[in-house]
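In the two complexes below, chain A is the common chain; its partner is chain B in one and chain C in the other.
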Partner chain A sequence: MADLGRAALVTAFLLLAYASVAGTAAAWHRRRRLAESAQNALLAAFGATAVATVVLLVALGRHDFSFSYVADHTSRELPLGYTLTAFWGGQEGSLLLWLFVLCAYSVLAVLTARRAGRETLAWVVPTLGFVGTFFAFMLTFVASPFASQVAPADGAGLNPSLQNPYMAIHPPMLYLGYVGLTVPFAFAMGALLARRTDERWIVATRRWTLAAWAFLGVGQLLGAHWAYVEIGWGGYYAWDPVENAALMPWLAATAFLHSVMIQEKRGMLKVWNVLLVVLAFCLSLFGTFLTRSGIIQSIHSFTQSSIGPWFLGFICLVTAASLTLVFLRLPLLRAQTRLESLVSREATFLYNNLLLVALALTILWGVVYPLLSEAVTGEASTVSKPYYNFFLHTFGLPLLLLMGIGPLVAWRRASLRALGRTFLWPLGAAVAGGIALLLAGAGSSRVGVIAYTFSIFVLASIALEFARGTSARRALGGVGWAGAFSSLIARNRRRYGGYVVHAAVVLLAIGIAGSSAYQTVREQRLHPGDEMTVAGNRLVFRGFQTTNESNHRAIRANVDVYHGGEYLGRYRPGKNQYFAEDQVSNEVSIRHDLLTGGDLFLIADQVNGDGSVDLKALQKPLVNLIWLAGLVFIGGSLITLWPDAREERRLAERYEGATVRA
Partner chain B sequence: MPGKRSPARLIVALSVAAVLAVFLIYTSLAGGTPSLQPSQLRGHDGRVSLVGIVAGRPAGDAHAGGLRFQLRDRHAMTSVPVVYKGTVPDLFKTGREVVVDGKLRNGVFVAVPDTLVTKCPSKYTPKK
Partner chain C sequence: MSVALLAGALLAIAAVVLVAVPFLREPVAADDHLIQPDAAEQRRLALAEERDRALAALKELEFDHRTGKVSDDDYRELVGVLRRRAAETLRAVG
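For the complex of A and B:
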C-alpha cells in the first residue's frame, strides 16, 4: 500500500517535471505537439496525485498504523470522521492536499480557460507544472506521507482541538483559497511570457480569482468561528502569525479584484495588477510556509521541520523570477489611459488598493519582525495586538469609508454638484446615526463610534444604489418592483454581487466593533450555590457533573442563567479529559441571543478540587453579525460567480475574433 | 499613449512609501516586546516575552495566590521561577513549550495575567 502511494507520488513528480520542461520548450519554440504532450502530462499528474490521495485515505480508514503518518495522527478510538480528516491534520498530509488541489485546479483551468489565447496557455502549462513540481518534490523526497514503520498497537491520536466538525471544512476551504491563487498567477506569468499583455488573462481567470478569494474568506471566517467555539478564550482572532498568514493573501487578492476592474474598463494599472497577483501568490506560499515551518513563534507552531529552507528557497525563486519577468515586459505594460481626476471611481479604487496593500504589508512586517529584529540586534522582539489594532484602525476605517464613497462617484471625472446630490442621503443617515449612537452611550469607544457611523454611511449608499437601479429599470416599463430588482441583479451580477459583499464586510465591521469595543468580562470563583452577575445576567453555579465518553471524560459545571427574574436556562461549560492523548480541552458554553445578536460566553476556567469553579463570563454584543456576515459574503460571492450568458456573449464578441487572428 | 510621466508622481509615491516604512519601523521598535529564553533574562528589567519549557511540577492556584512553575531554556538547563495568575491553557503541563509575558522581579519572573500561551504541537511522537 505505502509502495503504491510512493510510486504514485514519484510518477506525479516526473509528470509535473516533464510538463514544466517540455511545456517551456514547446512554448519557446512554438511546437504544438510538444505543448499538447506537456498539457497531457499535467492532466495525468492529476490522476497520479489522486491515487496517492486515495491511498492515504484508505490507510487512514483502515487504521493501518504501518503508515507513520496514520500512527502519528490517529488512534483506534478516534471516530471515523476525524480519522479521515486527520488527512490534513499533519504536515505531510497537508502538503499532499496542496498538491492534489493544485492538480485538480490545473486540469480545470487549462481545460476551461481557452479564452486566454493559445500562446498564453502554452506558457500557463509549464508555470503550473513548475509549482506542482516543487510540491511533488517535497512530498517525494523531503516529507513523505507514506513513510512506513513496524505497526504499533495503537496510534498517538489526534490533537483534541482538531476533533471538531470544523476540522472537516476549515482547512480544505483555506487550501482551496491558497492554492486557487496559483491559477491567476500562472495565467499572469503565461501572458507576460507570451507577450500577450492585454487584459485577456484577467478575463480568463476572473472567476478563478474570485473563487479562490471567496474560499479564502469563508475559510478564515470558519476558522474564526472554530476558535470562538472550541479554543474557548472568548475571542475569534488573535493576530497570530498563522491567522495572519491567511489574511495577507486575502487582502492582496481583494486589492487585485478591485484594480482589475480598472484595467478592464480603462486599460490602466497593468503593472500594478501583475504585481498584485504575484504578491497574492507569494503571500499564499508564505502562508503555507509559516503554517508548516514553525519558524515564527505562534500558538499554532508545529514542531521544527525540514521543509522550511526548501519553502523559503522556492518563495525567493518565485519572487525573483516573476519580478524579473515583469521588469523585462515593462515596455509592453504601458497604460492606455491616464487618471483624469482624483475624484473619480477609478481614483477611489486606487486609494482602496493602496490601503489594502499597506495593511497587508504592515501585517507582513509584524509577522516577520521577530526574525528581522533577531537578525539585526541578535535578540528577537515581537509585536502584538496593539500594533495590529493600530494599523487595522488606521487603514481599515478609511477603507470602510471608501466602500461607501466608491459606488457614488462617477467614472473618469465626478462633478461636485453631482457628488453633493448623491451624497446627501447617505451622509445625512450617517450623521443622524452617529448622533443617535452617542446619545445611546456608544461613545465609550471612539473607534467603535467611528466604525458604526461609517457603516451606516456605507449601508445607506448601497441601499441607495439598489433603489436607484431598481427604479431606473422599472422606468423602462413592464415590470413591478420585485421584477425590476431581480433583473437588475441578474443583469449586473458583478456590480450588485460586489455590493452584497460590501454589505457583508460592513456587518463584519459592526460585529467586530461590537464584540471587542463593547464587551464586558467578569471572572469569579464560585462554590455550589454561589452566583455572579455579568451585564445584567445572574449566573448561579449548581455544582459539577461528570460523564464518561468513549475517548474522554467530560466534566461540566452546571450554571443557571437568569435575566431580570426570568430563567434563561442551564448552561454547561466544562472540560474534557482525553485518555489516549492525555490532554485536557476546554468546552465553552454559549448563549446566543438572536434578538440582539449578542452572546453570553461561559468558560469554566479552572476546575478546583474543593468543588468550586473559576467561572469566566463574557457578554459580547453583536458578535453574531460576524457569522451572519459570512453567509452574506457567500451569497454575494455566488452572485458574482454565477455564470452569466449575456456577459459570456459580450466577452466572446470582444475576444474570440482576436484569438482567431492571433 | 499619453505624454511622458512626470517624475513628480513617482517621487510623491516613493516618499509616501518611505514615510510609511519609517513609521512602521518606529512603531514596531517602540511597541515591540523582546522575546527571550530564561538564560537571556539577566539585565532586562522591562516587559519581555519569555519562551521556555515547563520544568518541574507546577504548584499553586492560578486563580488565587498564583501558579508557580519553572521555565527552562529549550536546549539548556538554565531556568527561572515564574509566578502566574489567570487562565491556564489546556495544553499547559510539564515538558510543554510556553510563551508568557512579564517582568523579572528579584529573581522571579512575575507574569502579566492571562498572557500564558502554549505552543501547540500538531504532531505527537507515538507513545512507546
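For the complex of A and C:
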C-alpha cells in the first residue's frame, strides 16, 4: 500500500511540474494544445493526489503501523474518528491535505473561470502548477507520509489535545482558507503575466476569495472554541504564533475584500489590490511554515522538522517573483480616477485598509521578532500579550468605529449637513449607551467601555442602513415591508451580507471585551466539603470520581454550584491520563448561562494526593457572544456568496460577448 | 510485481493519456494558436467595464440620495456629471 501512495505522489509531482513548465511554454508561445495539455495535467494531478489521500486514510483505518506516520500518530485504542482525523494531526499528513485541497481548488477554479479570459487562464495554470509542485516535492522527497518500517505492536498515539471533536473540522476549515488564497493569487499573477489588468481576474475570483476568507474566519473561531473547551487555561486566544499565523492572512484578505470594491466601482487601487493578494497568499504560506516547521514552540508545533528551510526559500521566491512582476507591470496598473474627498465611502475603505494592514504587520513583527532576535543574538526572546493587546486596541478600536462610519457615508463625497443627518441616531444611541454603561459601573475598564460604545454605534448604523434601505425600496414600488426588505438584500447581497458580517464582528468585540475586561478569577485549594465563591456563585467540592475509558483514565472533581439558595447543578472538571501517549490533559467543566451569555468556567488545576483539588474558577461575562458571532458570520458570508442572477446576467453580457468574439 | 506497484503504474499511464489527449485528439492542428482578443475587443471590454461602472455609480448616487446620505445640493451637482458619463460610455459601447 505504501508503494501505491509513493507512486501516486511521484506521479502528482511530475504532473504538477509538467503543468508549470508546459503551461509556461504554452502561455509564452501561445500554443493552444499545449495549454490544454497543461490544464489536463492539473486534473490528473488531482486524481493522483486523491489516490495518495485514500491510501493514507485506509492505512489509518486499518491501523497499518508499517506506515511510520500511522505508528507515530495513532494507537490501537484510539477511537476510529480520531484515528482518521490523525490524517492532519502530523506534519506529513497535513502537507498532503494542503496538496489535495490545492489540486481540488485548482481544477474547480480553472474549469469554472471562463470569465477570466483565455490569455489570463493560460498563465493561471502554470502558477497553480508551480505552487502545487512545491508541495508535491516536499511530500515526495522531504516529508513523505508513506515512509515505511517494520510494524511495531502498537502506535505512539495521538496528542491528547487533538483528541477532541473539533479536530475533525478546525484544521480542514483552516486549510480550505489557507489554500483557497492560492486561487486569487494565481489569477492576479496570471492577469499580470498576460498583461490583462482589467477587472476580469477580480470577477473570476470574487467568490473564491470570499469563500477562502470565510473558511479562514470560521476555522479560527472553531480553533478558539477548541482552545476554550479543551486546552484548559480559561481563554480562547493566546496570541500563540500559530494562531496569529491564521489571523494575519485573514486580515490581509479582509482588507482586499474591501479595497477591491473601490477598484470595481472607481477603477482605483489596482496596485494596492494586487499587493494585498500577494500579501495574503504569502502570509498563508508563512502560516503553514510556522505550524509545520517546528521553528517555534507552540501548542500547534508537534514536531521539529527539516521542512523549514525549504518553506522559507519558497516564501522568499514567491514574494520576490510576485513583487518583481508587480513592479514590471506598474504602467498597466495606473488608477483611472482619483479620490475626490477624504470624507467619502471609498476614503473610509482606505482608512480601514491601512488599519487592517498595520494590524497584520504589527502581528507579523511580533511573530518574527523572537526568531530574528534568536538568530542574531543567540538568545530567545518573547513578544507577549501586552504587545499584541496594545496594537489590537490601537488599530482594532478605530476599525470597529469605521465599521459604523463607513455605511453612513456616501460614495465620492459627503456634505456636513448630510453627515449630521445620517449620524444623528447612531451617535445618539452610542452616547446614551456609553453613559448608561458608566452609570452601571462598566468604567472599571476604559477599553471595555470604548469597545461597547463603539459597538452600539456600529449596530445602530447597521440597523439604520437596513431601515432606510428598506424604506427607500418600499417607496419605489408597491411592495410591503417584508418584500422591500428581501428585495433590498437580493439586489445587493455583497453590501447587506457585508453588514451582517459587520454585526458578527461587533458581537465578537462585545464577547471579547466582556470576557476579558470584566472577567472574575478565583483560585483555591479545596478538600471535600470545602467551598469557595466566584461572582456570586457558591462552589462546593464533593470529592473525586475516577473511571477507566478505552484509551485513558478520567479523574473528575465533583463540584456542586449554587447561586443564592438555588442549586444550579454538578460540574466535573478534572484530568485525563492517556495510556499510550503517557500524557495528562486538563478537562474543564463549563456552565453556560444562555440568558446572560456568560460562562462559569471550572479548571481542576491540580489533583492532590491528599484528596484535595486546586480549583480555578472564572466567571466570563458575555463570552458566548463570540460563538454566536461565528453563526452570524456564516450567515453573512452565505448571503454574500449566494449567486445573484441579476449580476450574473450583467457580467455575462459584459464578458461572454468578449469570449465569443475571441 | 506487487498489486500496489501495478496500480501505481496504471495511475501513471492514465495520467499520461489524459495529458496527451489534446495531441491525440488533434495530431495535426489546423490552428494551434491560443486565440486572444484583438485590440478592438480589448477596447470593447474596457468600455463595457467603464459603462457598468458609470451606471453603478449613478444607481448608487440615486440610492444614497433617497436614503439621505447625499444632500439635495450634492445630488444636483453630481447627477449631471454621472449621467453624462453614463451616456457617453453607452454610446461608445454601441
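Simple rule for what comes next: the second predicted complex is superposed on the first by the 650 of 662 C-alpha atoms of A that agree within 3 Å, B and C clash if a C-alpha of one lies under 4 Å from a C-alpha of the other, contacts with A are read in each partner's own complex, and residues count from 1 in each chain.
Everything below uses one rule, namely that a contact is a pair of C-beta atoms (placed from the backbone, for glycine too) under 8 Å apart; a residue touches a chain by one contact, two chains touch by 3 or more.
The shown structure was predicted, so the numbers you read here are calculated from the model rather than taken from an experiment.
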Contacts of A:Arg421 with chain B and chain C, given as first, second, both or neither: second
Which of chain B and chain C A:Asp198 touches, first, second, both or neither: second
Contacts of A:Gly90 with chain B and chain C, given as first, second, both or neither: first
Partner chain(s) touched by A:Gly155 [first = chain B, second = chain C, both, neither]: first
Which superposed partner A:Ala8 touches (first chain B, second chain C, both, neither): second
Which of chain B and chain C A:Ser373 touches, first, second, both or neither: first
Contact footprint of chain A on chain C as seen in their complex: 2, 4-5, 7-9, 11-12, 14-15, 18-23, 26, 29, 31-37, 41, 44-46, 48-50, 52-53, 56-57, 60-61, 63-64, 66-71, 73-74, 78
Partner chain A, residues of chain B touching it in the complex: 1-2, 20, 24, 27-28, 31-36, 40, 49, 51, 61-64, 87-88, 90-91, 99, 117-127
Touching residues on chain A, where the partner in the complex is chain B: 71-73, 89-91, 152, 155-157, 159-162, 233, 297-303, 334-338, 358, 362, 365-366, 369-370, 373, 379-384, 386-387, 390, 523, 525, 575, 581, 583-586, 603, 605-606, 608, 614, 616
List of chain A residues in touch with chain C within their complex: 1-4, 6-8, 11, 15, 18, 26-27, 30-37, 40-41, 43-45, 47-48, 51, 117-119, 122, 198-200, 264-267, 408-415, 417-418, 421-422, 465, 468-469, 471-472, 475, 650, 653-655, 657-658, 661-662
